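Pasting a structure below so you can have a look.
When the chains are written out, they are named A, B, C and D in that same order, and each has its own residue count from 1.
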């Protein structure tokens, strides 16, 4: 159900294909009274725009969108906010040559297995371009969080010298994006199936090319002893805090008031200049070679940074609203 | 919303506290016509029963439940299946001594911050005992999967010599549980926000004590090059497969037909025999010491094995049903 | 999805068959801190208990249940509240004789068409007995409403002299139940698909034997002119009110602060002592005759009164919680 | 949650205000492989276009939209289908004069109570213009139904001589729209809270200006005896049917295979040329007079006919998909 929606009270639904007429997002459940302009969203979108660094693909698409609904006289009205980004510059012809081949590491095989057909132009719906819509929605979420004293920041672990080398080789590499949310009050998140970390994990693993998620000590915790992992409670700045933050900001799915810290693992981009063995749609063995002129990102984790921020913000704003209903 | 429910078409809702009258689960959306007995569920429950190994806590609770509804003349009717496990043996008195203290690594601080009160007896709703309900529901899911040729298995990475040492020390250690699902057809899972890996991640990170989730190559992918990570497509046994399975069984959120392989990181159990610095509910610094007679699990990952299997099964059966609706 | 659940933030899930082991309800999303006892729920249940009037069926079932979870030291904890009512007195043997016949006006034909099988004992899941669970959940909802100054009352339009006559004839009659909610603040309900009247309509039409729903002027509005239907706004008791209440308490799906007034039409009970033409499961024409000793309610609308109250309360408490999230 | 969404598996989300940039709908869950063109949707939209009859408001808006996503090479792909209708012709200036007054029978009072502000231009989000999006989505639903042999038709009960008189008077009248769905197989709809009639009732009562819903015998059933209401089962055309159809096509929430017949009551349009007593936003008593040049529909039920068809189709297509999952 609703495979293209995320969130419960602050709920987004995205639509659009990479090489279709436009992509867009509908935000349903944004509280009324928030000041909001096109510019604020477009500034956030600019952070993930391609061509920002020499190591991201060179599509010149400016990624400028506009608010279609839900804002009146500069404020949100409680009605759904639709934000649309037209697809201006694209050339689908280069995808024609390989449209009969399974593309290793990509969506076409599984989409065809599921749906019987696939919009192969630029990856269609499976393109990372969809994440622009998440960033747009995340911009609205971040504004609400900021009013509540909450900030979200993410960063990647990549070294640019290595990336230059990979560009020359035509190869790619994976990466890790770390996110940190500060100012989050204790008590956010729900028990059992709606634990904050469960929602964060789903948020991150719904991003293209992700292979792992961890919170706080993460996989390192698997080799730690309880005596070193337990975060002692202490009084600091007049409130309960923990001396360490192995928990990464939650206990039993609910925030402690400490920073929320987590990491997301991204696989190396599948589109590389080296040929890969594959089969055709007609089940004949062959070789996949990236068409001339195709984009080549040596590392998708770089452009994922603002997207990870957006997903963190979306999870937190939903938890913040939900928290208004937990007590009598 | 519905913090105690999981799944869309095959949807479970759990209830009950560790030291309350009973725990239970309602399964809504189980297809009609499935043969099902109490015994089949109880056998699955026996796998996670405490006291099964010297390294799990000694509670003697037999974990035997019964089907209350939804089965008629040995078959599911399409009506909700309620399965209830009475809480027979428990002694809540030992929790009295520490009920005024924040328990490091546990739920009481965050629950009190959220709800203003906490059922401290045995961890209440936050107890791992809730996972018995997941295993019960998972037993039903596994039966449906088996009819579709799908099996799910999980295992842990723990070494029992180390555990003996930890028992003596009164300390604990984390662990990793790996799950593998075989026989899964290509095409399961939904794009974008309902990617199979997103749902698996949420499933696993909703378990108590989890700190990380990864699929296939997982966090290792972050250091790999595309040229080694890409899984080549090949024809084998008359169908499209991949030569390697770094993907871990999905591409773009949808199954490839290869085994689904993932891992879950568990933190070391927080209840250890070493004292931990803490504060009281009245904000006074003090020390938390595990009450005499408290259970002590050196590693929660061991008992988590059947629970991880159950969550995998629940995600897959939901995807299997959902897949009936994706084509005209 | 979740065919046995109702509500969004205050969400109930019911389970159990008329002649199974028990029926029950799980309430997920009840705010923490509400004082709640078994007795309070059982008192509300007593209102719909059979045998209360000479015109309701004589089953002696006391309808006494107990809270299994979600309440600690007399207060709700925020955890799911499970309330279970055991099925003590029933005799399923009388249903054996007619189990191979389609029962006019009943569920067995459509359930068999859908699911391939049917728990025919006492109507199974389709029995009006399921509504006891709604009343139990409604009792909790009413407590929350009362704390907010909101009351809900319902009444039927039946004349008891007519009912005596119908009892003698072995026939039945339909009826109308009117509900009124007072003290409801302006601003509850959501626009478009979650209009308060849409949710009330779904709530009422989900009850067994209902054929119609109307709010305020209802079907009479279809023959009225705008000049007589429009409710003028006036200042009264220091606040905005309407001079008349043809609207029935909402405008555009959101409450006006005036009483919410609506009506539900119930069909005459299908179980009557007169034979009805039917066919067997084997498609052979025959006659359906109510088995000796079967219950016979001359009018289901009488026992529906507390159920209509419960459904009204459930819709309102959900809207009340949802309203906490509509503004910044 | 998701106040602007409707449906479970075939789920629509609408957005846009009457005098905003555009209105639109996202359909999530449409099965892949359906042939679909802009024209097919626009033809359905033309049925509700204003100015089609002398008795509907004269706005010249052509209501022509386009598919933005989800269709590739003429077929649906399984991705969300976004359909957008730009708002071309509107003049918001005439709403300025009355923007400080509560408008009897309209949304501004309740929206301001809920959200603290209101987009008053043409009714904003509360405008009946939103129903164009329902008709667009309904066009897609109808195509799927047609492939399954199901047709949906609606009609109103209005007499045009009366309407001419009302036009002269500047008054309005209510109306009833009846819908009939034929070819619906037995077994659609879910028990308990997702009864087909419950979903139909919610669908219809979510339309602007509706005051009542009934299925089959409806409110007349309240005065009928069981002996005349019961629909006898008979064999006809080789299958089980009922001799009469007082049920209106469902029993216990699930379709019988007989035509689904129901009715929706609409109130008289609130915008009339006669002055109505009201108060200002500043709580001062005054009179509401429809501004010069305002549209005046003597009866909203006329234009509601295709919208009622659309809502019926949306409910049925959702039930049709859901039915694929009810048996093993």
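Things to note:
As a convention for this text, contacts are C-beta pairs under 8 Å (C-beta built on N, C-alpha and C of every residue); 3 or more make two chains touch, one makes a residue touch a chain.
Everything numeric in this text was worked out from a predicted model, so none of it was measured.
Averaging Cα atoms per chain gives one point for each, and the point farthest from that of chain D is the centre of B. C-beta contact counts were set side by side for A-D and A-C; A-D has more. Averaged Cα coordinates give chain A a centre that lies 25 Å from the centre of chain B.
Averaged C-alpha coordinates give centres for chain A and chain D that are 36 Å from one another.
With centres taken as mean Cα positions, chain C sits 43 Å from chain A.
In chain C, the residues that touch at least two other chains are 1-5, 8-9, 14, 29, 32-33, 78-79, 111, 114-116, 125, 191, 322, 326-327.
Taken chain by chain, the contacts link every pair, so each chain touches all the others.
Taken together, the chain C residues at the contact with chain D in this complex read 1-6, 8-9, 14, 102, 104-107, 109-111, 113-116, 125-126, 130, 157, 166, 171-176, 186-195, 197-206, 208, 210-219, 221-227, 229-235, 240, 242-243, 246-248, 250-257, 265-272, 274, 276-279, 283, 285, 301, 322-323, 326-327.
On the chain A side of its complex with chain D, the touching residues are 1-5, 8-9, 11, 13-17, 20-24, 26, 28-29, 32-33, 66, 68-70, 72-73, 75, 77-82, 84, 111, 114-119, 124-125. Put simply, chain C touches chain A in their complex at residues 1, 9, 29, 31-34, 78-79, 144, 147, 191, 321-322, 324-328.
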